[in-house]
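Each of the two complexes below includes chain A, the first together with chain B, the second together with chain C.
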Partner chain A sequence: MAQLLSPLPGTFYRKPAPDKPSYKNDGDKVAKGDVIGLIEVMKSFTEVRADAAGKIKFLVDNEEPVMAGQALAEIG
Partner chain B sequence: MAIAKLLIANRGEIAVRIIRAARELGIRTVQVHSAADAEMLAVKMADEAANIGPPHAAKSYLNIENILKAARDTGADAVHPGYGFLAENAGFADAVEAAGLVFVGPRGDSIRVMGDKVAARVAAEAAGVPVVPGSDGRVDDPEQAKHIAMAIGFPIMIKAAAGGGGRGIRIAHDMTEFETLMPQASAEAKAAFGDGGLYIEKVIERARHIEVQILGDGTRAIHCFERECSLQRRRQKVWEEAPSAVLPQSIREKLCASAVALAEAVNYRGAGTLEYLYDDVTHHFYFIEMNTRIQVEHPVTEMITGIDLVREMIRIAGGAPLSIRQEDVKMHGHAIEVRINAEDPAKNFQPAPGTVTALRVPGGPGTRFDTMLYQGYQVPPFYDSLLGKLIVWDETREGAIARMRRALDELEVEGLSTTKPLHQLLARDASVAKADFHTRWLEPWLEANAHRLNS
Partner chain C sequence: MAVNVIKPGLSTTVQDLGRPGYYNIGIPLSGGMDRLALKAANLLVGNKEGTAVLEAVFMGPELKFAEDATVAVTGAELPPRVDGEPRETWTSFKVKKGQTLSFDFLKKGARAYIAISGGIDVPVVLGSRSTYTLGALGGFKGRKLEAGDKLPVGKGRGAKEGRTIPEKLRRAPGAPAELRMLPGLYWHRITASAGKHFFEDTWKVAPEADRIGYRFRGGRPLEFVPREQPFGAGSDPSNIVDACYPYGSIQVPGGTEPIVLHRDAVSGGGYFMVGTVVSADMDLIGQLQPHTTARFVEVTMAQALKARKDQAKLYEKLKASL
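Entry: the complex of A and B
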């Protein structure tokens, strides 16, 4: 199980837009490099990509505040 | 009804600004805040504070129910929306009034009309205010579109009627291109939005952004002259001035009179700004939209007229008629404002939240710094990057630029990156000194000067 850490402080989004489905759901298989969410820092958005392959389990909900270095998900 | 206790439904530097105005009027203040903003300056300054929800703005600063509950719980009798967030939300203005509170701003219906681009354009034309030449509403018939295109002249912007946010916009430089692009744009709009309807509008190529500040009491309106905000990056204003350095007096009078005519035509109440594009070659101006709120750059108008706009909007909301006559509004000297944002100009303006480890604030003659900062403050990552506004005034524009250079050199914000280095370069730029710029001037300048911002 590897933890995927937030690269930035801000708001975590699991969807590309409020009316779109989540990038990934708990239990989905992800490949290294897949986009799994967005971090918004002061109205600027950065994609978060999986840094390993495997099954994903999210540790942070959509629209939750996160700190830099906080674990967003577990992949394994 | 005179206001006794004002709730500020905003954050950051504008909340501080509103508290200052309220306190001078003898009004008590309630500052709402998200869970991430408990330590912000406005909370420390206000008489009372109320937590309205989690950091995410949709759950706090945009949460109408929580804001109204905070007003009830604290016994506030008025709400000031500031700018951004709910400031131009007609439903919020209505909800505040339905709760028996005073909304410091226009009536919900005024926000509704002036906030809708087509309705605002119709209102402007009815008041005799020039608008950007184009189709008044959608055009579905290609022959009719060609006729309109011929009448308004190229280049022409083709926009999807159902679109927004710049999607589906095409620019045609001549009739051949226009005939090719119209069907493409219509097909794309149909695919993207289920509606192939299009608008067409003349492109004003070398436009300056000039806006007129108005104050209205629901019956009468006055203007407080213009501001020029042509220096923009990604449509965000970076450097603002009052007055415009290039507007001839005869045009200024027509421009400001047109703004008053439109404000009175819609019985506007409160502070508002009418934005125009100005072509400095032909001297034509075109109304584009109205902002029905106080604006970030309001201090430059305060500096040249001596009018406290925030105080005046609170007084009007409390039921007082305008205290100023048009003939008493005089413009004196020149003012410039720069936006100090938590962004790193050396890294393509990447946001830079963090903790302010040391702060030195500029002072001295003609210098004002409206800010949310204090030493030890942690700038949260959840909101806008605006930290403060440095405003200077002097008798002449040249003097004001020299004063801006001096004040910027005094400003020290340690612990995070700010846009100060950008403004230091702009304040030494020859084109800026000559006011030789337009709305698309700054972005190529940033590319050409990237190496200087990186050092």
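Entry: the complex of A and C
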């Protein structure tokens, strides 16, 4: 299991827009480089990409505040 | 000499102590948001205090050096690495030609100041090298850094390695951060009870807070004293006839979310201001992460001036420690 850490502090979003489905759900297979969520800070959105391949399990909910270096998900 | 930008970070800009003197025509002060940290970084590497440095917010850049230089990182705890080897913050270190400076995840604070011996040698625009991104003015081509940029660096011998600022002279916000403020000209617009709970409530930094303004939310909405809006003012009770917005002023559009204007402030508009954060505490605001807490603490003019003096004394001590 590898932990995917947040590069930034801000608000974590699991979907590209409020009316869109989540990028990934618990148990989905992800490839290295897949977008799994967004961090909003200073009016800009930064994509968070998987840094490993495997099954994903989220540790943070949609719209939750996060700190830099916080684990967002486990991939393995 | 040049430094090559491999990765730019989130929003890394060239900043010095700013360009005062043009606010009356709408050009803000700009410059580093945490001035004490910016000056400390410069002194550590042997530069003059107001030399242009890089301000990195929340995330560090990755920089490859084309010449040897002395570097110091102050302000936020954004741990530097040289070719992957960790280095201390608030301490000078050498980066050799061909080496790469990168950063770990942010540990504390929000903005790190990266001083390089010789200083960032971008053109001086209206008396300053600071970047004002909204106006595409100054700094490196008027914008934040991008991958592939070649940053010009001036000549400087650079101070020796291992010069450090003692921890007690590094100022950082508490939790909650206490921001001293002087009630302003429009204080009478809110009710006495609104004035009371403005200071009682704990506010949270909104994620959209940036160099223009720091927005806070989470406190109770302010209640206004009823009045017939004067000619020229908007219809919302938080509207006034357009006025000048000082650096540090706190506007509360709709009475709900206070915004403290910072270095890239807009110079005027039609929202009432409850007061102004004292200059000594503006550095602290620059180090607040989103979702962290803050309180506003009422002070008198005498206390505000004393705070300014204390801040100047702290800087004198910092200089003397080197």
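One rule holds for everything that comes next: the second predicted complex is superposed on the first by the 76 of 76 C-alpha atoms of A that agree within 3 Å, B and C clash if a C-alpha of one lies under 4 Å from a C-alpha of the other, contacts with A are read in each partner's own complex, and residues count from 1 in each chain.
By our rule, a contact is a pair of C-beta atoms (placed from the backbone, for glycine too) under 8 Å apart; a residue touches a chain by one contact, two chains touch by 3 or more.
On a predicted model such as this, the values are computed, not experimentally measured, just so you know.
Chemist: After the superposition on A, what does A:M42 contact: first (chain B), second (chain C), both or neither?
Modeler: Both: A:M42 reaches chain B and chain C.
Chemist: After superposition on the shared chain, which partner residues are touched by A:E63: those of chain B (first), chain C (second), both, or neither?
Modeler: In the superposed model, A:E63 contacts chain B only, not chain C.
Chemist: Looking at the overlay, does A:G10 come into contact with chain B only (first), chain C only (second), both, or neither?
Modeler: In the superposition, A:G10 contacts both chain B and chain C.
Chemist: Looking only at chain A, is it chain B or chain C that touches more of its residues?
Modeler: It is C that touches the greater number of chain A residues.
Chemist: Between chain B and chain C, which residues of chain A are contacted by each of them?
Modeler: 8-11, 40-44, 65
Chemist: Hey, which residues of chain A end up touching chain B in the complex?
Modeler: Against chain B, chain A makes touches at 8-11, 40-44, 63-65.
Chemist: Using the touch definition from the top, list the residues of chain C that touch chain A in their complex.
Modeler: 10-11, 57-59, 104-107, 110, 207-210, 289-291
Chemist: What part of chain A is in contact with chain C in the complex they form?
Modeler: It is residues 5, 7-11, 40-44, 46, 65, 67-69 of chain A that touch chain C.
Chemist: Quick check on the complex: what are the chain B residues that touch chain A?
Modeler: 36, 54-56, 58-59, 342-343, 350-351, 353, 381-385
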